[in-house]
Every structure is written in structure tokens, then in C-alpha cells.
Amino acid sequence: MNTAPGVPGRRKDAGGQAASILHASQLSSGLKPTSRKSLWSKAISKPEFSAFLMLVAVFAAFQLYTGFFLSYANTRLLLTILPELGIVVLGVTILMIAGEFDLSVGSVFALVPMTLHALTARYGVDPYLALVLVLGLALLVGYINGAVTLSLGIPSFITTLGMLFVARSMSIVAVGGNPLALADYPFGDVLVVNFGYIRASLIWYVGLAVVLGVWLHASDFGNWIFATGGQAQAAKDLGINTRRVKITAFMLCSLLAGLAGIIQMLRTKAPLPSMGTGLELEVIAGAVIGGTALTGGVGSIIGAIIGAILIRSIDNGLVMSRVNAEWFRTALGVLIVVSVVLNVKAGQFFSRRR
Amino acid sequence: SEYRFNYVMHSNTGQPFWGAVNRGMQDACKQLNVDCQMLFLDKDGDIAQEKTNLDASIAQHVDGIVTTIINDDVMDESVADAIKQGIPVIAANVDDSKHGAGNARLSFIGQDLEQAGYDLAAEMAKSFPDDDVQVVVNGVDLAQAWAAQRTHGIERFLQDYKKIHKGNVTWEVIEATYDTPTEQSRISAYAQSNPNLTAVIDVANAFPAALAMQDLGYAAGKVKVGGFDLVPPVMDAIKSGYQQVAVDQQPYLQGYLPIVQLFMMKKYNLGPWDVNTGKAMVTKDNIDAIEALSKEGIR
Amino acid sequence: MSVNVLSTAAAAVAARGTPLIAARGISKWYGAVNALKPTDFHVGRNEIVGLVGDNGAGKSTLIKILAGAHKPTEGHIEVDGKPVVLNSTRDAMRLGIETIYQYNAMIPQMSIARNIFIGREPIRFSLGPLRIMDFDRMSREAMKSVETLDLGLRDADTPVSDLSGGQRQAVVIARAMHFKSKVLILDEPTNHLSVKETNKVLDQTARLKEQNISAVFISHNMHHVHAMSDRIVAMARGHKIAEMAKDEVTVEDLHRILGES
Amino acid sequence: MNTAPGVPGRRKDAGGQAASILHASQLSSGLKPTSRKSLWSKAISKPEFSAFLMLVAVFAAFQLYTGFFLSYANTRLLLTILPELGIVVLGVTILMIAGEFDLSVGSVFALVPMTLHALTARYGVDPYLALVLVLGLALLVGYINGAVTLSLGIPSFITTLGMLFVARSMSIVAVGGNPLALADYPFGDVLVVNFGYIRASLIWYVGLAVVLGVWLHASDFGNWIFATGGQAQAAKDLGINTRRVKITAFMLCSLLAGLAGIIQMLRTKAPLPSMGTGLELEVIAGAVIGGTALTGGVGSIIGAIIGAILIRSIDNGLVMSRVNAEWFRTALGVLIVVSVVLNVKAGQFFSRRR
Amino acid sequence: MSVNVLSTAAAAVAARGTPLIAARGISKWYGAVNALKPTDFHVGRNEIVGLVGDNGAGKSTLIKILAGAHKPTEGHIEVDGKPVVLNSTRDAMRLGIETIYQYNAMIPQMSIARNIFIGREPIRFSLGPLRIMDFDRMSREAMKSVETLDLGLRDADTPVSDLSGGQRQAVVIARAMHFKSKVLILDEPTNHLSVKETNKVLDQTARLKEQNISAVFISHNMHHVHAMSDRIVAMARGHKIAEMAKDEVTVEDLHRILGES
């Protein structure tokens, strides 16, 4: 409810997307005389640009205030913990662009590694086979989310809220009563090995972001994702299988959440079924801060990355700034709102100038 | 089965600690052939829901109730009510701070949270240097009673310690949560902005703090780390030397013993009795012996 | 002139040979609503068919079935005389049936170029399932198509939400022409458009025949329908109530037929 | 994203509300010949009717399965805990009808009673004065939520997510370090006194529901709330001050959350700053189960009541059914989805028959 | 006929006395877009003014200022010769200016009766700030208003989303007539409407004068504008480019003026 921020250059219509079709005629002069904009002015009119500015501002402020924020050790830490959140934000951003929600990512973030852990440590399943099985499980969860939502015509908010409970419960069932030590995963190094400054997980994150970025922004399927989230009926009329697009996005979203959970479990060597509790709100906040519209059809991978970095940095920077524990969440809440506001305002400012 | 017992507690299902308690309860129930149900919460420490679950258990006329008394007032009425209706209620894990005087529960099986915090801090202080000491306490989420009580115990020790210690003693309480990456990030950030940090004392699993020290490239033991409860990553942290102490309160017993006790009370009319399930300090010295048991979910 | 001119029209069909597309006895129920009673309908080669009728008469329903967007409850579709089953609008597009829907014809947030190629993106190269769009070609061809319509548009990357209503309709028509469809279906394409832009759309439609494209033209403006069409089909309450060659009727006749229906 | 369930009798258009205007012409036969429906057939075509059926079905199933569910003791328990959730659902339902979200209700549910507690127990402020002050605080929080959302043009999802953190942090600040015993509140009895079977809070809940029901469904302001959430631009064009309507709804929502928090604190006698954590999702689920649209403009007080009862009963009924703890949330998640699905399907079934 | 017929029209005004509403030199900027250049416009007593022009010419902008929905950047409004400041549409309604907007004129989820009375609900009784609506009166009066328009509507509780486009426009017109406004502004009221429903709307508009209501009629259909209006104002790119009495021009003239503009 309420359209998303960060869509500069277009007037906000009360009725949202549909209205922007309706107001066709009002917009006839919308075509600026300078249609051939320079690359630069094109870049600064994008919502990601203002998110990026936000990022620079936040980094500069924390660094000036703490003196440590951009130190080797701290950036190393941030780069260690970023991928686990960031990978989930990638999936949720794409799903939100396709016009749907997923509240179950936090639970899937636990379910997948817990099942992997149970299969290997308890039942002695071959780690590779187990990995394949649990990634299949992640896809299945996403498929169920999508199929229930679309076939029964209920909001994904509800379907995935249900899945939030179900998947969390399942991850507890998976580990059972007695905590077992983590099995040895031959692929552990590939996912999380520490290279000194960075870990393998960062390479995975960057790699996934690049592949998904290309897929979303440059491939035909990506085009269909934007079309589906932007105006589902039109997309359907143009022959897009919007059901398939949405279900793919649901499945991808669960898959990435599960993968991120595996990475966290392998890195911390801690198979805790409580992993990722409350992650869903953090992730959606990250996506929105990065310029993704709650109403679908608008968003980007760069925005998803910036949003994830912001969420992680604000938290870390506030502790460095020695904010009192009691006031910590006040600062966090204010910063989230401020970053979205700046995002919107910066977007408007730059789009007015073009 | 002969009897139905409910175990009403205050945590959500995600905690491995409670997994062990549940396991103890299930084992006892199997051995005694009783029907047991453990009632978890949706949100950790949601006292209103715990009370609701307690009331629902009474409404169900179960034969006995085990509960955790995480607040001195909230549960009083319901517990008294149950006992009036002939349903025995015993406390486990957390007791009323005034013990039997503050609540009608028949007995208590578990650990004194505040005291355990005090004891953990005392154990860690054994390795503190003679000069200035700077401690950070991860209070996890001070809005939750168990966390606040342990924090309080830790702070009480530090106050006492300050009086006898030669060097300066300073400490600060932060809420770093127990979500692994968040805690790691916050502890790490704190350590960097306080390069003279002596110790991190955690009121929950301390392994994220140990991980933070490791990832910062600190030598093992440069910053002392201590916390509660034994789970595999905590044992790894102790073995690696990044965590010095973990307080084990033997959760399996906190699940097993109350059921046995209720059974005895119902079947043979035996009286209730208190059990201190311990405040065993697990360190590098005794970790190996304990790990074997932990793998079976008994410790 | 009588309303019952079906025979004359039938003669016209025979003259033109096998119709490009034909609907044979198709009907449509939406739940309990019988939006379309069993109806025959066809479009010949090089022919513009006007489709008129009251609100709710079933015009959009009929053309959505031809476009593959809905499945008929009864009846079937023939293309070039051969029965076909249209499972999606994609099937219809593949057979050369392009449609401009009454509502929601575009994705406002997306650029002109992307809108033109949605679902039929030119691919530069593929890496397994990853098919990378050929942006240059998309921009180039989009501009070329749009330029033929003379709209003063110079940047195919402009988002559609920045266009005027007339420009939008033109882009949709450009889309249809780009893919060299055989039949273009236009469902009330001039709504909300000014006299000038309406004239452009009518012009473009009239020029379709030069490129050997047939059309179905739906409108509530009888002047436009009469000016554009070779043959006019009138509907009411899900029935076809009249079918007449353009020369057989005047605008006033059309008004009378619809006023009485 | 995705329109709400439970709007029987109207076709679901892909484009949502705006589309339903657009499709005017397609709908011309929508006016059924039987325009003068009987009261009964009118009633069964309402979404609240199917929610009510759901309720009856759930009650019957739990009673048959457990034998205790509808016992005196258990219904008494349900009626004790219902008002605290129910009052919050009332506020959120009205806000959602007006087209906005509030994620901060759970934190306000703690902030208001904690501040009341701090004012009286720590600073010795007169209880009545303190009550007035904290209700004013609740209104202020709602005002800030609304004003920030509307003035800065950012989604209420973000504003109230920020407020979620801020208000929680403030409630911890309010109670400070050492816990104090609850002060004596002379108005405590008025709010929560136990009459045996029911408590005063139930009377408050019913009273509020009636007053708000009349206000929402029968008053002019209620009409404006539906209009604002249904089609904000049209409402504005018709001279409705949509900003005022929305801010009022935000303020009411916070006020009710605060009041419910006070009731819970007085009932449990526990001033815990963690009260209400995670309440926001439960409350939104309750509203949606009761037929409120996530997109605004659709909903009812009866639905809000039924939704709250369902959420509370499912939880309690599962406890009574002795569902294994590990599987508990699986059942909860499935039941939430099933109840919304039945709600939608029942709605469609009955509306087809009219 | 020349485009410059402003003088003739001015004479017509003088004949009719003080205009009901008049805009004096109003202009409008939306950010950097100058949607309306300083313009005079007026509506006399018992007069229907046609307003025509290209897409984006500024027609809707002009009438939104008259309706109080937007504030002019420069200039002012006079009602009955007296300057007024319209801070909201409510102010305009109070002065008897009722508007049917081009888009989003109703709340689809709400009933006919409620839609008619939004913002002006009849109150049965008040309990302090709680003003209870008089549902009976709303239904009764809504039905009465709607019946005069002869729509076959028999239940004022039907949600507007169940109505056809024509029925919706009729309800909006009924709303305006119910409140006995002095001036009714209709912005493209016949879009998407069939011949039959268009005729009804035109009929109703024509009958406004019987009730002493003036009107502003905006449309892209010159036949309709010519048929309805006493005076016609043409706009282009934010300017008024022509103003003429209906008898001075033909439909073809109008087409030409707009085609050239």
C-alpha cells in the first residue's frame, strides 16, 4: 500500500501502476526534449544511484566518527557476514520485482542447512547427495509457496506466513532433540574457505549477483519478470506465462535462502534450528532500501546489493559508534527510515535535473 | 498411558538447549509410559503466551505440570489455581526469585540464573590480569527475564570484583542478540573500538563471540570469552581456545527429573524435592569427557 | 436496408476464398455468465472487419478467443482453413494473430523497446538457459518501427509511462506491424485519444492493407468504424445480430441498428 | 501484491482496483436480474460469512477431537486472552482498510504500558495522569507514523518498520535497569477485573468493537475510510481529506495497540519490555483471515473479530490436541493457510449461488 | 470561418450577464511542466461549454483548477462575479461546482448510494463526533436520482464494480444532479461507452439545462461536442486557441482547427 520510493522521473499516481496507464493522456508532454541523455545523466536518474550515494554517505559518516569503520579488520568482517544476508536479499528482490512476497525465507534459511545436517550427521547420507537433496527441498518449498498462492488465489503474504511456521517447525524436527556435531562437508571449503581478507562465500555472492544481474536485466526471462510484476494482465496477454515466471521466482528465492543458510552453518559450524529467525523483515527492508517497489515491477540487483550492505553496515557501525545498548534500536529504526527517505529525495532531486 | 503431563516453558523451539530438555522429558516419559507434551512458544520469552499455555493445560485437566517461572508474579495465580484443583505443579529451569515463598510450585529443578551469572563471571575472573580489566557483557535481549537475570548476576560479581581488584574494573552491557552473524558483527565492532578489551561474557551461547575474536585475527585467549550452555559449536570454541568457559546446567536432567518426580508424586504419593542440576563449569580441561555425553544429547 | 444481410456478406466471403481466420460456432461462459452465444466469425485476406455492439455485447470476449487469451467453451478456430487449438496468446501470435487489447496493453515501467519485444526478445547469444537479449537490435528495430509511424519519438529507451496515449497506441501498432502478423485485432484503439492522434491511428490502420495485413477494428465510434471497415459485424447480448458489407450501410444505419438492438 | 481474498461476487481483475474501473464495460451484465436479494442471500455472500463458517468448523473439529475445547474452563481462558489480540486487530484492520500498514503495533503494545509503569512506579506520577500521558504517547506514535509516511511519500511498511525498532528501544529505556514492582492502578479493575467467567477486558473489547463497528460501517468518517483505501484519488477528488483520514487511522491503530498492552500488563501483572514481540505478523494475519484486503478498501469489524478468534483458537486448540511440540507450528502454518483458502473458496461458492 | 472568433464569443458573454464561474488569467506549472499558460475561461448561466483540444492541451488541468482539485499557479477564480479561493474540491462543491473526472471518479468497492454521498453523507443523528449516516435516506435519494436517468437499476446497494461503464457515468451524473450544483464539469464522460449508453449520457447532459444547470463538456468526439455545446473553446499546448459560438462552426471546422493546431 503506498507506492514504492525511488522511481524518479515518473509522477506518482494515486492509483499506482494501473493509474499510470490510465493517465496516458496527461503524460503526453512527459517526453523530454533531451531524449538522448548522456550516460551519466541516465545513471544519476536511477534509484540505485541515490542508494549508492546513501551508502557512501553512511560509510563516510561512520568512518569519520569511529575511525575504525573502514579498517582492514572491520571491512573483512563485513565482507564475511554480508553474503549470507545478501544472497537472500537477491532472491527476495527478484521475487518482489515479479510482484510477490516471501515471509518464509528466514525459516528456509534454517530448514535447508538443518536438513543437510540431519541427513549427514544422523543418517550418514553422502554429503554431496545430501546437498542435492536439500537444494531440491528448497526448490520444493518455493514451488509450494508459488503453487498454493497462484492456484488458490490467496495473497503470498499468507501462504508464506504459513510456510514460515511450517519450515521452522520442520527444521526443528530435522535436528531432533540431541545436538549432533557437524559432519565433514567436502564442499565446505568451496563455499566458505577463508582466503585471509575474504571468504569463498563472498565470491559466491558476487558470482550469483553477476549471474542473476545478467539474467534479470539482460535476459529474456528477466524481461518477463519485470513485465509480470509491472502489469500481470498485459504480460499474460503478450503471451508470457506469468504463472511460470512467478513460480520460478518463488523457487529461486527459496533456493537462495537455503544456500545462504548452508553457508552460514558451514562458516559458523553451528547447526542451530533458530538460525535466521526474523530474517524476513530484515531482508525485505534491505530490498526496499535498495529501491525495490513493494508493488512489483521495479527494482534491481545493484539495489539489492546496496540494500544488503546498508543493513549490515548500519548495525555494525552503530556498535562501533558506541551507541548505548538501550538506544541501539532507536538509532537502527531511525537510520532505516532516513536511508529510504534520502533515497527517495535524492532520486527526485536527480531526476528533476535531467 | 496412565498419566498426562504438560511441560510449559518460555522459549521457542529453535534453542538446542531446549532440544536437550525435550529429549530428557521424552526419555522419562517413554520409560514411565506417560503421555507428555512440551509446550513451546512462538516467541522466546513471551510470558503472556506461557501463562496462556499453563492455563490451557489446567483447563485440559492434565495430571501434572512442569513449568518455568520466568516472572515472580505472572504465574502465581495460575499455579495456585492448578494446585487447588489437585494438579501438581513443579518448577524447572527458572524459579521464582523468592523460591517457594514467592510461588506455590511444589519444588524446583534447575539452576539459579542470577547466581549462575555470578558464578560464570567469577570463574572467568580467575584468568583476568592484575592490571586494568575491561569487560563487555552480551545481555542478548534485556527485555527477556532470563537474560536480564543472568546479566544482573554477572554485574553483581563485577561490582564485588571491582572492590577487591587492584587495577581498574570497567564493564559495559550491550545487546548483541544471539543471532550468529549479528552477534559476531556487534561483538567484533565492539572489540575493535575497545582494543584493551579483557573479556566477553555472554548470557547465552558464546561461540559467536569466539568466532568474532578468531575472525579478527586475535590470538586465542587474548580476549577471554565465556557463556552458557553446551552445544557443538561451543565445544569447538572451547577446544580451539577462543572460549574459556561455558556453564552447563545439564538440560537433559531438567527434562528428565521433573517427569520422574511428577510420576512419583502421582503414583506413590511421594513428596516433592528440589534438585540443583548444577552449574558445572566446562573448560578446556574437562571438555573431552563431556563431549562424549553431549553427542548423545545427554549433556 | 434490413438488418438481415448475412447472405450478402456470405457471398463476399466466397469471393475472397478461404478466410485467414475463422471462428466456428464458438461460445463462452464465464462461470454462470454466458458472454458469447455460439457464433461464427471470420476475417478474410486483405480485409478490415469492423466489430460493433453494446457494452457487454461480447466483442472483447470474441476477440480474446481469437487471440488465444481465452479458450472457447464450445466451437473451434480455423487458421487458413485448418482447425487450430490456441492454448495461449503466444500460439496465436505464432500464427500471425496480433492483438491490441482494450486495457493494459503495455507495461508502463518498461521502455518502448522492451515493450515491443516482450515475449519475443531477439537473442544475441545463449548460455544454456540464459538467453541474453540483443539490446542494440531491440533499440534499432524498435526505432525503425516507431519511426514509420511518425511520432516524434527519438529514444527507444523511454519508459512507456512517459508517452502520451496516442503515442502508446502507436507503439502497440508498431509492435504488431513489426512482427508482420497476418491479422491485427484492435479493441477500441482510439479511446482517450485526441482528434489528431485518433487520425494517426486510423491512418496507420488503413495502411495495414498496403502491407497485406488484415484487421479487426472494434470501436463505439460509428464514423470511425464505417470509415475503416470493408465489412461490419454487429453484436448484441452475445449474439451476432448483423453482418454487412460497408457499402451496404451508412453511419446512420449503424446507429439505428445499435440503438434498436 | 495479489489482491485480497474474500471479495466474492466480483471478478478478480489482474490490475486490482483500478482495473475494476477500467473493466466497466465488461461488467455491464454484472447486475444480476435478482437485484433485490433476500437478506439471507446478501448475508451469505459477504466474506465475513465464510470466515464465520470457518470459525464454526474449527470449533467443531477441535471440540470433537479434544473433548475439552468448548469446556467452561477453556472458553473462559480463550475469552481472557482474546481481547488483548483482538483490540489490536481492530485497529490494524481499520488502518488496512484505509490503505496503510502498521508493523509497529507489537512495539507500541510494549511501549505504552512500560511508560505507564515507569511513570507511576519510578517517578510516582499520579496513575490517572500517567494514563492520560501514555495514551497521548500512543497517539503521538501513530501521528508520527502517519505524518512521516504521508509527508515524505515513503511506504508505511518502512516507516512503521523503523517505528518497530524505535518504540521497542524506548520501552526498554523506559523500564531502565532494575525491575520495579508494578504500582497500584485504581483503574486496573475497570480494565481487567475477573468476573468469574469473563474479565472486564472482554467487555471493553466488545464495547470497542461495537463503537468502532458503528463508526466504521455507519458513520460518515467510516465511509471516508473505505473511500480512501478503495481509491485514494477518487476520494480526494470528492473532497475527502485523505491525509486526515489516514493519520486518524494510524493514530487509532497505535492507541488501540497501547490500550491492549496496558490490559495485558495489568492482567499478567508483568511489566516486561519484551511484550508483544512479533505481534505485528499475528495481527495482520488475523485481519487478512477476517477478510481484510492487503490492498485497502475492503474489510470489516466482524471480520476482524472472527480473525482474532481464529488465530487464538487455532493456537489453543492445537495445545489441547496435544500436538507434538516439534510439529506444532507445522499445524499452525497449515491451518492459517487453510483458513484463508476456505474463506476465499466459501466466499466464491456462496457468491456464485446468489 | 476564421479561428479567431474570440470577439464574437465575448459578445455572447455580455449578452448573458455575469458568468457563473470565470477563471481570470489562470496558469499552472507542474514542477517544470507548464501545463496551462495564463488563460481566461468562463461558464455562463444555462450554458453548455464544449472544451476540446489535443492530448495534453491542458483541458483537464483547467477544469481541475475550477473544481478546486488543483491550485492555479497564477490568476484567480470568480463565482458569480466574486473572487473566491478554492482550497479543496469541497469548497468548489459548496459553491455548486460539481465535476466528473476523466479517471477514477468512483470507489468501485462501494455501493451506488455510498458513492453518491461520499463526503456529503446525510446524517441521521450525531453522538458527539460520531455522525451516523442516514442509510434509508441515502438509498431512497440515490434511487430517486438514479431512476430519473432510467438505467434499469433497482438496488442502490449494488457495488459500483458491478455496473457497466454507462451505468457508472450515469451514477456520477446523478450525483452531480442530486446536489443541485450550478455547474457540472464532465471530462470525457463517454469514453468506452457504447452508442446506446453514449446517447443516454448525452441526453442526460442535454437535459441539465432544464434544471438550470450549466455544464462544461470535454470530449474528443467533435460530433458530440458540437451536438451538446452552446459555445466551444479549443485549446492547444496550454493555450486557448479559439472560442466560438456553436452556430458559427461545423463539425468539420472543429476537425480542421484541431488538426492544424
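Letters are used for the chains, namely A, B, C, D and E, taken in the order the chains are written, and counting of residues starts over at 1 for each.
Heads up, the rule we're going with is that a contact is a pair of C-beta atoms (placed from the backbone, for glycine too) under 8 Å apart; a residue touches a chain by one contact, two chains touch by 3 or more.
Remember, it's a predicted structure, so these values are computed and weren't measured experimentally.
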| item | value |
| --- | --- |
| Intersection of contact partners for subunit B and subunit D | A |
| Taking each chain's C-alpha mean as its centre, the one farthest from subunit C | B |
| Distance between chain centroids, defined by C-alpha means - subunit A, subunit C (Å) | 40 |
| Separation of mean Cα positions, subunit D and subunit C [Å, integer] | 47 |
| Gap in Å, rounded to a whole number, between the CA centres of subunit C and subunit B | 71 |
| Touching two or more other chains - residues of subunit B | 13, 22, 142 |
| Contacts with 2+ other chains: residues of subunit C | 54-56, 102-104, 164-166, 192-194 |
| Contacts with two or more other chains, residues of subunit D listed in rising order | 14-15, 17-19, 22, 24-25, 27-29, 168, 172, 231, 233, 236, 278, 326, 328-329 |
| Sites on subunit C touched by subunit E in the complex | 52-57, 102, 164-166, 188, 191-199, 220-223, 254-255, 258-259, 261 |
| Partner subunit D, residues of subunit A touching it in the complex | 1-5, 12-19, 22, 96, 99-101, 103, 148-149, 152-159, 161-166, 168-170, 172-173, 229, 231-233, 236, 278, 281, 284-285, 288-289, 294-296, 326-330, 332-334, 336-337, 340-341, 344-345 |
| Residues of subunit A touching subunit C in the complex | 7, 9-10, 17-18, 20-21, 24-25, 27-32, 35-36, 211, 214-215, 218-221, 223-224, 226-227, 230-231, 233-241, 297-298 |
| Residue ranges of subunit A touching subunit B (in the complex, touch as defined) | 66, 68, 71, 73-74, 76-78, 80-81, 84-85, 110, 168-169, 172, 175-182, 264, 268-278, 312, 315-317, 319-320, 322, 325-326, 328 |
| For the subunit B and subunit A complex, residues of the former touching the latter | 12-16, 19-20, 22-23, 26, 139, 142, 173-176, 178-182, 184-186, 188-190, 192-193, 205, 207-208, 211-212, 215-217, 231-233, 235-236, 294-298 |
